[in-house]
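What follows is chain A paired twice: with chain B in the first complex and chain C in the second.
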Partner chain A sequence: MPLPLYYFLSITAVNILMSWALYVPYRMAHLHFLVVANMAISGYAAAYMVLSLHLPFGLALLAGFAIGAAVGFLVALFIGDAPTFAVVIVGFTFIYIARTVIENTEAVGGTMGLFGLPNIGGDPAVHRWTILSILYGLVLLVGFLIHRFDHSQLGRAASAAFIDKDLTTSLGIDIRKMGILLQTFSCTLAGGCGVLYGFIYKSFHLDYFTFHVVGILMTFIFVGGYTTLWGAVLAAPVLYGVPLLFPPEIASWRIVIYGALLVLVLVLKPEGVITTRFVYRVEALLSRKGLKQPPSTNP
Partner chain B sequence: MEVFIAQVINGISLGSIYLLLVTGFNLLLLVAMIIHFAYPQVVVLSMYIIWLVLGYTGNNLLLGTLAGVASSILLNLISAPLFQKVMEKRGEVDINSTMVVSMGMGMIITDVLSHGFNKGHPIAFPDTLAGGDAIVRIGLISILPGQVYAFGVGVVAVSAFFWLLYKTRPGRAFRAIAEDPSGARLVGIPLLKTGLQSYALSGLLGGLIALLLAALLGSASSALGEQVAIKVIAVSIIAGLGNLVGGLVVGLSLGIVEAVVQGYISGTWSNVIAFVIMLVVILAKPNGLFGLKI
Partner chain C sequence: MKKMAFGVLATLLLTTGLGFAQTNVAVSEWQIPFLNCLTGPLASHGSMYQWSTNQAAADINKAGGIAGKPVRVIGVDTANDPQKGTVEMARIVKESLVALGPVPEPVIMAAMPIAVENQMLSITGTTSYEYASKFFPWSVAWFPPYPKRFPPLAKGWAGQFSDMKQVIQFVEPFGPWPMMAEAHVAGLKEAGANVLKPVEVPSDAVTFGPLVVKALEQKPDGIIFCCNAEKVAKMIKELKSRGWQKMDHILVFSSGDDAPLYTVGGEDINGIQVYNYVNPDIDSPRWNAFKTAFMKDHNGMPPFSLSTNYYDALFMIKEAIEKTGVTGDPKKLKEERKKIADYCANVKGFQGLMFSWDMKDGGPTNKPLFIFEIQGGKKKLVKEIKLAG
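Up next, the complex of A and B:
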């Protein structure tokens, strides 16, 4: 497989998963940017385990998920039912603290970053196929789980909480528990993504875990559509891929382009490109087609 | 002890700027009903405009100041229709959407500053802006003109703002909208016009803050806006979103705590401690120490 295609496919998968990590808690209006900090924390911790403690990749990946879950759960205990702006600031603050601690910790490479992560399975081709298989396996699994969540009672409760938290509470829904659950899920996902992201490039550098990433992920979910999981599936490959085709002088302004797109979409089409109504229409169309299957030839 | 006193003096001047920023931020929140996350980025853009104008006019302070204030007011007023449109589309006041729009604006401003000015390098302001040598120097304790300007202008601007808010007719309109927008509309207060006045007023404050920050820090970079934005919103949340008096107390306190920590712990770690303190308070009291006012 050509290297550019491998990078495009793998980073697109990471972007879809990370956008979903933001999407899930946003179902109840929590913009949980802690996921970006968690990506860095879990990724660096897993890389340290592989490079210094010589742990195998599989264990490091599991550790990444576990660290993400633990950090997410502990923070969610405090902000499970906090207002949106408080959740946003906690996320930003964590990104800043995590960056500074990593920058000043020699054991994880400090400002230089961590390099020399090994190939999984020894061979570069095996490594790439393994990474892609894990990533797209995760995309399918997480996509299925979110789809089920969206169509479940819990998903409807989250939608209600998005609109009116007080009313939702009066209906007997425990907002705090739901917040803890959704935030922990998103942080677990981000923890795993952090490890996989490092193994795609076989290195870690803090330049990735900046506030720009927050902006990029936000653009993916708000431009794609924040009311359905399909928004990120559409926006992540398109918005990540198209700037790669631009000449370098224009591509270097991609954050400005993302910012302008974000503002424009929120002003002109606040629900984003793919809306819930659109998804229902497609689902209805598909199920109608399903009904019109040719009759069985059996007597 | 000398280090402590010196850092408290530094902290008071830094805190004066924080409290001005929080006041401008809260004004937009209460009257225009938006969370203007990019407000500090607008301030940093104004710092860059001041730097440009000073460079072109041979350090003409008056023109630099006017350009900074004008750019801040203009940017705020330009953004007003965007926020209005977002709320119209929603058919209701939705501060979360305005926050996301504002974050998009912040992304644009930060990236334009990092590409379009001084080849992406941090900018340095001329010494004349900071006012030259220390006015008072006793051992390690020194009081710089930039610190005096920051504190003096901070006190005057905040006093003038509170006078306007509590003693004038437009101020009553601001408070009425903050208290009950529907009620304010019923008694004939023009929401749009008053909202625009709040954008202009916070823009004016933003221009002044840009000048004070330039005098106090002596330099700026594109990343400054993001860092200040987090602190301003954190101060606002710790105080209680929209709580003007709480914002004054917490803004000044954060400046002092940050400066004192900087006196004893080196570089980036001192900022982390300020952030950790903010984080702990937000985690413990997400609705703020002084209570929400929205």
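Up next, the complex of A and C:
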């Protein structure tokens, strides 16, 4: 496989998974930026396990998921039913905390970072195929789970909570438990993504996990469409890939193009390019059952 | 007569050989990709590096090119983004003979493993030995390791002042900067100074008064800044507003010697000392031409620290190509990549823009450091620190 294609595909997969990690809690209006901190925490921890404790990659990856889940669960105990703004603040704070702890921890390279992550299987080609298989296996698995969630009672409860938490509570839904579940799920996913992200680059540096990442993920979700999981599937490869094809003269304007696109979409199509209604129509078309009235345009 | 005939024959063979070396070149133009941060938060640095390589290419082409063929540096923007840098490096390694960059450290760490795996030299000319050495032999370091270069420097600076008993450092936790600060400590102690607890400068700091107060509480009589240039300038202003007078007892590290130090600092930085690898007072035709061109294109500012690195790097590539008979033939890509890497890792007496130096196993052994005093935006050489070879 050509190298540029490998990097494009693997980073795109991470971007899709991370956008979903942000999308799932946002179904009940939680913008959970803790996922970016979790990427760093799990990634660095797994790298330490591989480089210093000489544990196999598979074990380190599982540990990455587990650490993500543990951090996500513990934090969710406190903010499972918090308002959107509080969740945002906690997420940002955790990014700061994670960065500061890593900066001051010599064992994980401090501000220098960690070098020389080994090839999985001892061979670059095996490494690449393993990474791609795991990533796209995850995309299929997580995509399926989110699809099921979106069409479930729980998904409808999350949609209700997105609109009005008090009303949702009055219907007998435990908002806090749902928040804990969704936040823990997204943090677990982010933990695994952090490990895989570092193994794509074969290194870790704190600047892989900045607020820039938050901005990029937000763009993917809000341009692609925040009411369905398909928004990220469309936006991640397009917004990441198209600028790579720009000639150098236009490439310099990449950030301006991103910004303008985001503003345009927010003004002209606030729900993003792909909406629930659109997905419902496609599903109906595919199942040849004709169009039905969509249940809601909310997430 | 026989001797004379032998001499003529030898000369003919030599010149013919040289002729062959030139006619064997398989490219009509040498194209050197440069993975650089042309947009994003470090774009001002990136544009300066790009300017330097373009200037080097122009100078090389004016003098006949590389092995008779012109050279072109192709700027490839990484936008300070590892995601972009890796894809660009993956494209470059497919057919490039050698590359420049990447810039800066996060992109180096993400993209250099690709160069290593594909055995292509990429000269990371602005990072420290501690980063570059991780990718040897497919990178070369432009600076000696910290423990070699900073203790003598710090000792040389502190040794100027008999009244300097307590020194404090402002350290921003970015990349190698904390390690640089740590390396100063040994030299300061050798000079007999007591090294106080450093003050950490957060990368996102916007107000600096509290940081300066925190430092002054420890009653330092010497200060070293290891932070971003703009932050240094703002903290010096804070220091002055709180009565700091011994301006030459302030030392700014090499990465802080950048445009914002002068533009933000203005008159307030008069008298402070800075160290770096560029000595604008050197008087040689080559340096003078570079300096004049740089000042013309940078609003009259003299060349900044790191401004010459990629200029020299392109000349080192030129020398490697010419002296090892590299042809640029795609069929010999692997073999010729190795020739260039081996040559650069151990070149002796390389004639840089300002001075000549030797490389050993990928690192320079005898590059000097300079300490300057700043007056009215201009640097006056205080002393040269020679590192052991």
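Simple rule for what comes next: the second predicted complex is superposed on the first by the 277 of 299 C-alpha atoms of A that agree within 3 Å, B and C clash if a C-alpha of one lies under 4 Å from a C-alpha of the other, contacts with A are read in each partner's own complex, and residues count from 1 in each chain.
To be clear about the criterion, contacts are C-beta pairs under 8 Å (C-beta built on N, C-alpha and C of every residue); 3 or more make two chains touch, one makes a residue touch a chain.
Since we're looking at a predicted model, the values are computed, not measured.
Once chain A of one complex is fitted onto chain A of the other, the partner contacts of A:A260 are limited to chain B, with no touch recorded for chain C. By the touch criterion defined above, A:V88 lies against chain B but remains apart from chain C after alignment on the C-alpha atoms of chain A. In the superposition on chain A, A:P270 contacts chain B only, with no contact to chain C. By the touch criterion defined above, A:F278 lies against neither chain B nor chain C after alignment on the C-alpha atoms of chain A. Touch criterion met: A:G113 reaches chain C, while chain B stays clear of it.
After overlaying the two complexes on the shared chain, residue contacts for A:Y136 are found with neither chain B nor chain C.
Once the two complexes are overlaid on the shared chain, A:E103 sits against chain B and chain C alike. Once the two complexes are overlaid on the shared chain, A:F73 sits clear of chain B and of chain C alike. Applying the stated touch rule to the two superposed structures, the overlap between the chain B and chain C interfaces on chain A comprises residues 103-104, 212, 252, 255. Remark: chain C residues 38-40, 75-77, 79-84, 86-88, 90-91, 93-94, 105-106, 109-110, 113-114, 117-118, 130-131, 134, 173-179 touch chain A in the complex. Those residues of chain A that touch chain B in the complex are listed here as 29, 31, 75, 78-79, 82-86, 88-90, 92-94, 96-97, 100-101, 103-104, 211-212, 214-215, 218-219, 222, 252-253, 255-256, 258-260, 262-263, 266-268, 270.
Of all residues in chain A, those touching chain C in their complex are 2-4, 6-8, 11, 103-104, 110-113, 115-116, 124, 200-208, 212, 240, 243-244, 248, 251-252, 254-255. Those residues of chain B that touch chain A in the shared complex are 35, 82, 85-86, 89-90, 95-97, 99-101, 103-108, 110-112, 115, 226-227, 230, 233-234, 237, 241, 268-269, 271-272, 275-276, 278-279, 282-284, 286-287.
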